[in-house]
């Protein structure tokens, strides 16, 4: 059965709902988690250095010892059956640098997702991860020549062990939370990016993550190091087919922006709505560095993700722009965290959420100003749009200020429905109700889409339109 | 014309089909067709256009996209970008509107004059069969009023009916009416020509009140 | 702890209440073993267990404000059917009136364990009952003052306003030169029936020996209106929980709060605006002003239930930090389960606005004066929202003279 299932069927017109055959897979770990599985992944399959194996095993102990979070959507969290997950699935032996080297069936998948085409048009490098491992990887030669490293995390560990060992797990240690511990124990794939001093990577690097297997756990691990004065924009996208039983995606993403460096990290998450998406993302920003998280959550069953920026050096800036769209049976528990740990630091958080058809979206955020962090500014705006009854919107922000000198922390939030007057105005100009609604929703998320590369913005607008057609009538 | 609260804006909203108003009695016919049950967008497609007294701001929606979508919808087919650009340019030139205008968000942070001019630009593209101008002169200074009115005059043609709702003579000096109706307490109490405007301008509406009661008693 | 004394207190109540009190006591002990309190360190540093259950309110007084015509217990000059008396007396003498309310169980996960302790161990308090269609013009002033210290003190106040009645209550908490620290914990239960209207002024002005825990719980029926003004001025540690349940259409509430802290005072506020049905509205506005090493934490909840369409609920918490050692935390939460609503919250934390300071100083004020003008402006933001101008004027004078002493 080498055929791809019909497109555009299934729940909510989810267009990525096609699945591939697993016939030619190289390895699929049996379900469940144990010391043996971790050792098998690390020692036997990946042939990792000893320190990494030890790191994994220690993390596994931490995972076992930590309780499940007692906040957020505990009802859904407690439905996760850790024994019913494949922790490692390898689809192919090879990793291509040319799409022709990628197994035909997997290549077809990424073709359908438009990755090779996008790569030709506007990307500086691409990583494509299928199940647990990266199957395709490329970087423009000119970048490689000036020392930019963009590779998958496993290769990174093999070829740049010194750099990896120095930074891996320093921003998000396994002790941070239960799912960071799980990722640390069983991680596979993800990206390793290193941008040398002063280098500006003007066009984005892109990673694409795809889960195909049912009951799969994908645990990619990404580490981005931007040396002083450098710039990089990294984009990731994620999809999976819809299955009747759930998959788990639990990534750890660590960013380090050295003095004067700038990192922008864009995510368009569109997992099918049987994927648990429990991700830890955190950045360290040193003196005058800037870190921007642009985070779009459209898919998944439950997302719990709060990208963080620790402003550790004077003059550092953090910006988090997030949209969440929660539809039928979805809970988007997304947000942002900023820690002001140095003077003259500033942060902006903009959160936009849309709930419809019994979907629930929550903003959960933290702004903390530590003693000594004088002259800090933080501004948070959360807007929520409710499209019909039965949908739900929550806002759970925390603001802690322990320094007074020239510190301003402001937060505002509004929750509303699509205004009757706005609708009437647009309809009086001849738009149908669903056209009018999707126009208003697109306007609502405009501050987000305008930050995306054009191709993504167009795609996102189309997605919203598709969602809206289902929402009216 | 008519004093505050006499039902002028209500009339235009009802013709456009605002959901806030429920029609309890009577029907609305447009070009011989009963449009009472039609939704606002259907009425728009029939050629009815309302220039709002207080145009709403819709943050995040760019004017260019808005106008293009509006026009495609009215015409019932996607209008090619190049064609639309040409058309828009022409209309903007006609109304003396700066190019930078279309990059902004719809009425977001607009001055009163800009909002009203935006309404007239929409009307120009729309090419309505019936245009309802609801106090288009309110909130405009003399210069802005002149520009807006000149624009209106350029758009108006023989295939178009225009209903102007206003309190004052000044707009009607630029856009000359063929008929003048005075509405009070939801009823037309007096009809005439431009002379009626002069009389209202010098004497107000009080002299009509008596006759209004007379009408009620005689009905 | 002296368990015998606890039993003695509970024993004095009728069986139906005894049961409730015993249950509350059990809750207190259970919660004491779970480390969920925010300021547990501060609280644990005090050895409350060694204090005696004294109910040290030498004098809970209740009188008509300004004219002092009415002294607690003496029922002259009251309209027919109005009851203002000791809660304990009411439990025996007006059982049919108080029982439906005292029998209710409306605890919440945000409740302090000391609220349960108050429920278990209150020996007395005040019962105020205003019958249908009666409007009382003069405010009733309840004064609870602690005399000695080194004591645990519990109270419960039950306020019931029947249909179309109207009342103003000034609920003042004071202490006079106490020698040692003390614990105060109490519950004020408010029930407003259809079209009833209550202005409830809560003035917490204990001295620095106080560890204060108080809960204001209000239930609003159809078209009733509640205005709360809550002043947090005194105590070393003060926990205040304000919960307003809009149970029927047309209910409206306004919660105004002023928190003025200095030294090492710690203030903890938990607020809830819960809308169970539609067409109701609530507004919350707190101004928090902190000097020295004072600390404040405000956890505010707005909850709109599924069927509560056309609800408006707003929350505004402003924190002014006057010293570098002062700390503030604000957690304004929204849980919205209905779509046709208008909800918002706003929070700000920071020092005095430098532009404003500069402007005032350019007009000849020194920095201290300028700061004071701005502080008084912040206080005025709240006071000016009180619609009863005479009451507002009295409160303004009271607060300004109290902060001078502070």
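When the chains are written out, they are named A, B and C in that same order, and each has its own residue count from 1.
The criterion applied here is as follows: contacts are C-beta pairs under 8 Å (C-beta built on N, C-alpha and C of every residue); 3 or more make two chains touch, one makes a residue touch a chain.
The structure displayed is predicted, hence computed values, not measured ones.
Student: Touch graph of the chains shown: is it line, ring, star, complete or other?
Tutor: Its topology is that of a line.
Student: With respect to inter-chain C-beta contacts, which pair, A-B or A-C, contains the greater number?
Tutor: A-C
Student: Let me have the rounded angstrom distance from the C-alpha centre of subunit B over to the C-alpha centre of subunit C, please.
Tutor: Averaging C-alpha atoms per chain gives centres 54 Å apart.
Student: If you average the CA atoms of subunit A and of subunit B, how many Å lie between those two points?
Tutor: Going by mean C-alpha positions, subunit A sits 49 Å from subunit B.
Student: In angstrom, rounded to a whole number, how far apart do the mean CA points of subunit A and subunit C lie?
Tutor: Centres of subunit A and subunit C (C-alpha means) sit 44 Å apart.
Student: For subunit B, which residues are shared contacts with two or more other chains?
Tutor: As it turns out, subunit B has no residue touching two or more other chains.
Student: For the complex, which residues does subunit C have touching subunit A?
Tutor: For subunit C paired with subunit A, touching residues are 306, 309, 319, 321-351, 354.
Student: Would you mind writing out the residues of subunit A in touch with subunit B in their complex?
Tutor: The contact residues of subunit A facing subunit B are 419-422, 424-433, 435-436, 439-440, 442-447.
Student: Flag every residue of subunit B that touches subunit A in the complex, lowest number first.
Tutor: Listed in rising order, the residues are 16-20, 39-41, 43-45, 50, 52, 55-56, 58-62, 66, 69-70, 73-74, 105-106, 122, 126.
Student: In the complex, go through subunit A and note every residue touching subunit C.
Tutor: So the residues of subunit A in touch with subunit C come to 371, 384, 386-417.
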